[in-house]
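Okay, so here's the structure we're looking at.
For clarity, chains are labelled A, B, C, D and E in written order, and residue numbers in each chain start from 1.
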């Protein structure tokens, strides 16, 4: 894990972000920033707004107020260049969302070819490279349904990596997997962190958050309730985080 | 435009149009109720463990779905008469429409049955409910709810298709149109009015099904999920 | 007005069956192309386009095909367009089939799970690229069985083209019956002929459905 | 002007329903024939034109000429004032005697006997209109889309009376010897005329002239007799 | 937790049970017994046959060989009275399978009324009683979708309880839930155990298995690989169980 000195310009920054679904206020003044090379873990109980915050960063949701800047893109503005933004941001969901009609290789090469105009051979080399990163070289020509859940999730990560994003977002990428498969996916993410990738991850895996995150953001009812280094999980200062970590421990 | 349209000349026959529209609705209503019944039974029958019942239901569904309604109507109307059975045009029309829409309903309901998650049925089995109780309490209503839009459309289509009943002397909307247009030779005006009436009838039917859905699916009503 | 069913009658019926097939093919191709446009229009990001296409679908689906054919054939002529019966029937059937196929296909496109759309969006694909490379290939698989199933309806519905002067299978049967007055025999022959044309399609559609392992119902004007 | 157009094209397009025997029908080799078809053929021959029969259904006979898809209609059009508001009629080229026909075995003699009997009729024909206007007689009318369906209904036993031309009434017994129908109550005599679009006086004159000639030379009568088995009324046979 | 002395007649007993799906042998000679009042935890990696074993007990699967006796019913026999068997056995699945079109009360009263012929008022009293047992009194008139996952799972348990079964089967009832919701469901099961209910549960929650189970059955490739008191989880004797407990710990 690299602890870069905070650069003046964070890769991702949210300032006072507001977001409601109908009458339900889901984000209520959320602010945090992620520096280059930093790994940030978003934790909090179900419904606290973690996924929504993550989705706002890649503009899958439009915010109602506040400011979001990602790699220099003003994401809160209506005129943001979505395709440019998404070339800089990679996102991976809980449900892997590989394209079932394409092989793993085609899944990976699709965007580099269609968006960046890479030649077929270049794109294939790239696919092999990112698949090696996630330990799936031998599955280039398989279809998603031929892979286990953990392998599919790793392939989805590889697909994102192929766009060479400046920051990666992960939304509970292991929660559909059983312990053994979880382990293989977490190993891949650990490696990415070691390689210096900037990452924001929503996770339920407290042990993993402790081990890998440079900083923890604990959300509660649409607000950032506590934030700090991983050590706050050992010595929570608010009763909410205490309770959250407490119940989390049940899953031991 | 080489054609002068004179709507008032045709519209002054509005009582006939209304009577025709009313009969069309009436045909659609009876055929819908009976067809839904027969269709549901046939759908259940297709899942029967008895090969004979399942086979018979399949033959019924396939024979009807793959031949035009008009042919079915003629076969019933003239066939019954040749056997010496003289039923009113209305009865024959309802019977033929029922047989027809029953086959389509059976297919739709079957899809509905199949869309009930396996786990629901296992949960019911685990609670010691009998096969019949499971069908009645666990499968039927949710299945109907799942395919309700398809059923609605099918019954609206049935209403539109009932226009061929004019051929066997049922005085529904198209029959009225044919009469008025040959009596006045104002075919355009007549058919335009009839088209508007059919659109209105189909909207009326959709509204009716929407209202029925509110009654049938109390959960939808309470939770405000759109039908 | 004479005699019994003879070879000429059968040939006449055969010609009618050929017209039925021809009209079906025209309706499917025309309706397929326009229906595709309708399907896309129904999910357009522009509200006005969505609304207009929804109105179109509602109008067409609320009107009997017979009336559409009539208004199409004579309506075009009334506004000064001279068209052959083939063109008029083709156009009317196209409009009709498009409204139904458009709706079927819209449903199929929308039934591609939302996360797939989002995943494609997250990879910076443009709207067109998302459609052509990710959504449509999946939608086509879902759409094939109901589309084949709907073709059965097209085949049967071409019988109404007799109103614009086509002597297709149904009409040829009526004409033959008018000179023989053997309704039971003749309509039975017609029923069997339609069945022979439609059942293989139904069977094919069912097989496709089964292979995809999901039960989908297809809408069916009678 | 339509007449010039026809002459220039050397072709006349005549709208005819071939599903209403014996006026329009198919022979056993499935060629159009019938009294109206022969009248059309005669007209085309006399004028030295090629004949294009526009085969229609009952509902589309009139729209075909209104929208210029056919030039004239020869298809058992009876002349009524309502209809004359929409198209122009020539002089009559034939007449149509309509009767109420009943099963030979039935006892029907006059209108009161028809109570509780359903009467088959072709929808929208002048017979239909005439019966429908007899509101005081309390008749049960079963309307079919064309003559053929009506005859089929009578043959198969769906109705025991029909209102139609004598030719068609006689036809029923031929098709089903166990159900012989005969004319019992005379209904009315209608004039049959050629129909054309309004505002074509030159074509109208020429058609009227042609009808006059052919009434005089007996050709129209011959055609009529050949298909209907009876002659035209005396005042049309000079 | 009650440790009844083993009675001569176990509530559930499997002897040399064989079950294949096509060519795949899923249960390969499985034997174990559950005494009255005992809590048995079935553990093992994914695909080892735990769910299948559980489903065989309630005859959701027919066995190919061996003997299963449940509350005196010979479940392996083709002529077993299924409805009588299922009145004695309650089963709860991972996906709660509440009936979505019925309120919680209707879900619970359906079987007692339809199967046992209880009067409506009696059934409603019963519903209130079992809902109190799982702490959901206030949700009688709610529809399932208005409940959180944990509440739905508790309602499903209440629905089973309403049939007053002699033994309850649980198949990973918490694995679709997040930690907090898991805790509420486990509390309910703990209470049931304390009340002396006989239970067989498939679970991934090692901590919970340790805490509540009287006996552990570790399955591996369709066989019972190790069995013993909860303490075997601390000191596994076979390498397979060692590895299984090891990876399980990742989820800490």
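Details
The rule is short, and it goes like this: a contact is a pair of C-beta atoms (placed from the backbone, for glycine too) under 8 Å apart; a residue touches a chain by one contact, two chains touch by 3 or more.
Nothing here was measured: the structure is a model prediction, and the numbers come from that model.
The chains that touch both subunit C and subunit E are A, B. The interface with the greater count of contacting C-beta pairs, when B-D is set against A-C, is B-D.
In the Cα superposition of subunit A onto subunit E, the rotation angle, rounded to steps of 5, is 175 degrees. With centres defined as mean CA coordinates, subunit C is found 46 Å away from subunit A. Here the CA centre of subunit D is 82 Å from the CA centre of subunit E.
Rounded to whole angstrom, the centroid-to-centroid distance between subunit B and subunit C, based on C-alpha atoms, equals 19 Å. Centre-to-centre separation of subunit C and subunit D, using mean CA positions: 36 Å. Of all residues in subunit E, none touches 2 or more other chains. Counting partner chains per residue, subunit B shows two or more touched chains at residues 2-3, 78, 82, 187-188.
For subunit C, the set of residues that touch two or more other chains comprises 70, 74, 78, 183.
Chain pairs recorded as touching, per the definition above, are A-C, A-E, B-C, B-D, B-E, C-D. Residues 113, 115-116, 118-126, 129, 133-134, 137-138, 141 of subunit C touch subunit A in their complex. Against subunit B, the residues of subunit E that register as touching in their complex are 58, 60, 82-84, 86-87, 89-91, 93, 95, 97-101, 110-111, 114-115, 143, 145-146, 156, 159-160, 163.
Within the complex formed with subunit A, the subunit E residues making contact are 45-46, 148, 178-183, 186, 204-208, 247-252. Subunit D meets subunit B in the complex at residues 58-60, 62-63, 66-68, 82-83, 85-87, 120, 123-125, 128-129, 142-145, 149, 152-153, 156-158. By the touch rule above, subunit B contacts subunit D in their complex via residues 2-3, 9, 77-78, 81-82, 84, 86, 89, 166-169, 171, 175, 178-188.
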